[in-house]
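Pasting a structure below so you can have a look.
The first chain written gets the first letter, and so on, giving A, B, C and D; residue counts start at 1 in each chain.
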Amino acid sequence: MSVAVGTDDLTAWLRRFAEVVHERRDELTALDAAIGDADHGSNMDRGMAAVVAVLDDAPPADPAGLLKKTGATLVSKVGGASGPLYGTFFLRMAGAAGDGDLDDAAVARAVRAGLEGVVARGKAEPGDKTMVDALGPACDALDAAVGAGKPLADALAAAAEAAVQGRDATVPMVARKGRASYLGERSAGHMDPGATSVTLLVEAAAATLGRP
Amino acid sequence: MSVAVGTDDLTAWLRRFAEVVHERRDELTALDAAIGDADHGSNMDRGMAAVVAVLDDAPPADPAGLLKKTGATLVSKVGGASGPLYGTFFLRMAGAAGDGDLDDAAVARAVRAGLEGVVARGKAEPGDKTMVDALGPACDALDAAVGAGKPLADALAAAAEAAVQGRDATVPMVARKGRASYLGERSAGHMDPGATSVTLLVEAAAATLGRP
Amino acid sequence: MKKLINDPADVVSDALRGMALAHPELRVDHENRVVFRGDAPVRGKVGIVSGGGSGHEPMHGGFVGRGMLDAACAGEVFTSPVPDQMQAATAGVDGGAGVLHIVKNYTGDIMNFEMAAELVAAESGIEVATVVVDDDVAVTDSLYTAGRRGVGTTVLLEKIVGAAAEEGRPLAEVADLAKRVDDAGRSMGMALTSCTVPAAGTPTFELADDEMEIGIGIHGEPGRRRVKVAPAREVAEMLIEPILSDRMFTDGVICFVNGMGGTPLIELYVVYAEVAAILERSGIRIARSLVGPYMTSLEMAGCSVTLLQADDELLRLWDAPVVTPGLRWGA
Amino acid sequence: MKKLINDPADVVSDALRGMALAHPELRVDHENRVVFRGDAPVRGKVGIVSGGGSGHEPMHGGFVGRGMLDAACAGEVFTSPVPDQMQAATAGVDGGAGVLHIVKNYTGDIMNFEMAAELVAAESGIEVATVVVDDDVAVTDSLYTAGRRGVGTTVLLEKIVGAAAEEGRPLAEVADLAKRVDDAGRSMGMALTSCTVPAAGTPTFELADDEMEIGIGIHGEPGRRRVKVAPAREVAEMLIEPILSDRMFTDGVICFVNGMGGTPLIELYVVYAEVAAILERSGIRIARSLVGPYMTSLEMAGCSVTLLQADDELLRLWDAPVVTPGLRWGA
């Protein structure tokens, strides 16, 4: 029995993600300081604050519109690597969302499209120590669970679990994409900031979507 | 009974001063850091090292020539406030030294001429928190003791004693000349670097001149 | 954090206000954070657009003006600008001859400029070419990574390519020249201290009093290795050696000693003297030089060295008049 | 101490070597540590000589060239040069029309330039005039003290007076103009950090992480008071207020925001925006501006603000061509 995901659900998800990003902003920035340029927390916080402003002031009425506006806002407000990547994620989700509310399979399809957008844009492969290392496993887990007929809430919980594992697996990796790659071997031993923030995104989904 | 001061004596004095300045270079610089620009120790050390090089390589044969060369070397090598002031001190001593060795009265006259040169060049008055506050009292004590017929060694000891007191008296003063004057009231509570180095000069004289 | 700023969130817009006031010959679009030549678009001239994160001043806004850039997009500190900015810049400088985007090789810059170019292509008829600058020999060049960072060569490239555009050359030629300059330039940098990103509030990395980072970029990112501090003579060796190992340099180079923001000019001249001595020993003649803080990393103390293999054409373009806040000569 | 230098004792000569190599259009007398215009002496032109301690780069050596200084004498770091240097400089720039000495009001500089002038008078027929710059409102002006320090106005004065000399004006006029510029200029500075004199090896003063010094000079000397760090907006107020209380400024000033060496340009623009806002509120129009690290105090972080009351003549001279490593326009 599938619970349809509508604008209110997506709004709750995005607000929740914005809150968590704001709370953990310094932590994300500190992770980026270790192997990057110390701005991932402020980048994501600035972007999600802008998304929340849209939700407050002029929320699009349908899921696809909401996802599209979210993506466009992130592209316009974040910059850096995370802006185009997160922006593309939501824009591609929007493109795959179709009209009206999303059933479980549609959610999984949209997330998969988002991931493909991130990969197309950033050309990262698994193991490159990027957000793909958390988002990829999350997406696989979501597909598997939804395909097995699990309720969306459970499927997203599995996805969040997979994201956490994928994020943790970035620690020993030597970065091959993004700013951390300039460090070479010195990038090993640190958790990737983008994998960390994207895990927060999946966890926020698990906490807000698919609950009747 | 007056012991004549000759080139060897003056050489010993200058070498001794150079040694002490080198040893206490950091201390002089630290005093200057508190109320000036942290270079008095290196200025004096650079200058006296150049004087010692002259003494090593091409020492003038007579006292007046030696004093003149010392003054000219300091003027050419030190810069800042201390270069012209110390340089003028020795140049004026040279001018007052006459020909040949100096008897006690001639020593006192030469030092007085040196002091007057410093005052003419720097226009500092007693109480302005400068080297004059140590050199002035030293000169007065020297004159008095020599006038009273004391042996030069004792007279210079008295001069050194007066220099120490004059130097210590600069601590509470508010600077009215030199770089420390820019600090206004904040200059009080610190010993003047130039008064400190000039005290070392007088002490070096007491340790080297007038000893048979 | 000790900085002459107001709210850390306003640093970029406050600085752009200051730039606009100090340089009335430029036009600043505060909404899009784009610095334009006052007379942009110049009809018939290829428009040169650059941009990147802020915190590298005078780069890029300070290089806008006759003979160099037509527009520069200012991102947040150390964060690539967003596609809207490049779109606005591109539209604002197009004089009918197309626009060259100068992009430093950072994932963020690449992707944002790429999206902007896609948008421009979709929404206007403006022809856009792109050059990616990737000259940092501290970073291993590999197909399987993000490749080399764009650093010091960017400044030289913007000057040279700007001069070519000013001569009225067509976009394809200007773009080819840009690639040629990128190919001819190599850089290597080091830091004595970290910098502090205003929004972060604490130094990006910590360095002991007797340590320095070799192989840093311009974003406060840690370098390739940490070593004991050494005299300028040895630092110059550490920077030049990997440059000379990476590319053949022959007679006549442009030698650029760049300050990272917190290092005063007196030290940059000391480094330049050592660099020049090494090049002299290596039989490489310096045809032109540039010494100063042109591509900074906030208040980081340190320097970088860039060598650009020149030829008569590049030198002629280097010497051509340039009138910008950051580089100015010949007019 | 972290600096890009070799032996601290060699900083000045090493930097002069670098300058000479980077600026072949200048002639550096390494023995006397004098930077000359390549074409000095210029026949019939008043020679303009300045100088002072090193550690303030680009001042003064970086201001040598057409339209500004004919020669600059470099002392040890923060130590006035010695009379021999000014003598050599004076002899080297005399084109028969006499020489102006530009001296900042520090006891050491005053005395050394004075001795040099005495020696020149005694040993040659060169006519020498002297202007003393004393524009620092942080210091109380009194007959019974050493008076005010010479700071930011020096840069503006050297530019303006250099332009007048370039026009072929006679020594007396050039000297009068110099005094007029000094009268018209006022400055005030602040520091976020101390600097470290290379030969001393430790910071001249210590400042807590939340403190700044207001009313500093350019030699790392402590300022007039220590206060809590504040936003750029308030810092600008603290610097401008004493300037405006000290002199009437009316329509049309040259506004100079100077960096102390360790403060990057992005922050100087932030300060400039605030300074400009205050002047706007005070009804004082900025006719020209200069923003950058032109008179530094080694690697000190901080800034100073200088206002110079301009008029048509001063503006014309300010705008006149200048070709030096540090300031360059119009040619």
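Basically, a residue touches a chain if its C-beta (ideal position, glycine included) is under 8 Å from a C-beta of that chain, and two chains touch if they have at least 3 such contacts.
Chains and their UniProt names: A, B = Dihydroxyacetone kinase DhaL subunit; C, D = phosphoenolpyruvate--glycerone phosphotransferase.
Every value quoted in this text rests on a predicted model; they were computed, and no experiment measured them.
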item: Given subunit A and subunit D, the chains that contact each of them; value: C
item: Length of the shortest touching-chain route, subunit A through to subunit B; value: 3
item: Distance from subunit C to subunit A - Cα centre to Cα centre, in angstrom; value: 32
item: Centre distance in Å when subunit B and subunit C are each reduced to the mean of their C-alpha atoms; value: 55
item: Rounded Å distance, subunit C centre to subunit D centre (Cα mean); value: 29
item: Shared interface positions of subunit A, touching two or more other chains; value: none
item: Residues of subunit D whose C-beta touches two or more other chains; value: none
item: Arrangement of touching chains [line / ring / star / complete / other]; value: line
item: Pairwise chain contacts under the document criterion; value: A-C, B-D, C-D
item: Subunit C-touching residues of subunit A, taken from the complex the two chains share; value: 26, 29, 33-39, 41-43, 46, 75-85, 121-122, 176-179, 181-184, 186
item: Footprint of subunit B on subunit D - complex, ascending; value: 53, 75-84, 106-108, 111-112, 114-115, 136, 138-140, 144-146, 149, 197, 199-200, 202, 204-205, 217, 219-222, 224-225
item: Interface residues, subunit C side, partner subunit D - complex; value: 2-7, 11, 14-19, 21-22, 54-55, 57-58, 62, 192-193, 209, 212, 229, 231-233, 235, 261-274, 276, 286, 289, 291, 293, 296, 298-299, 301-303, 323, 328-331
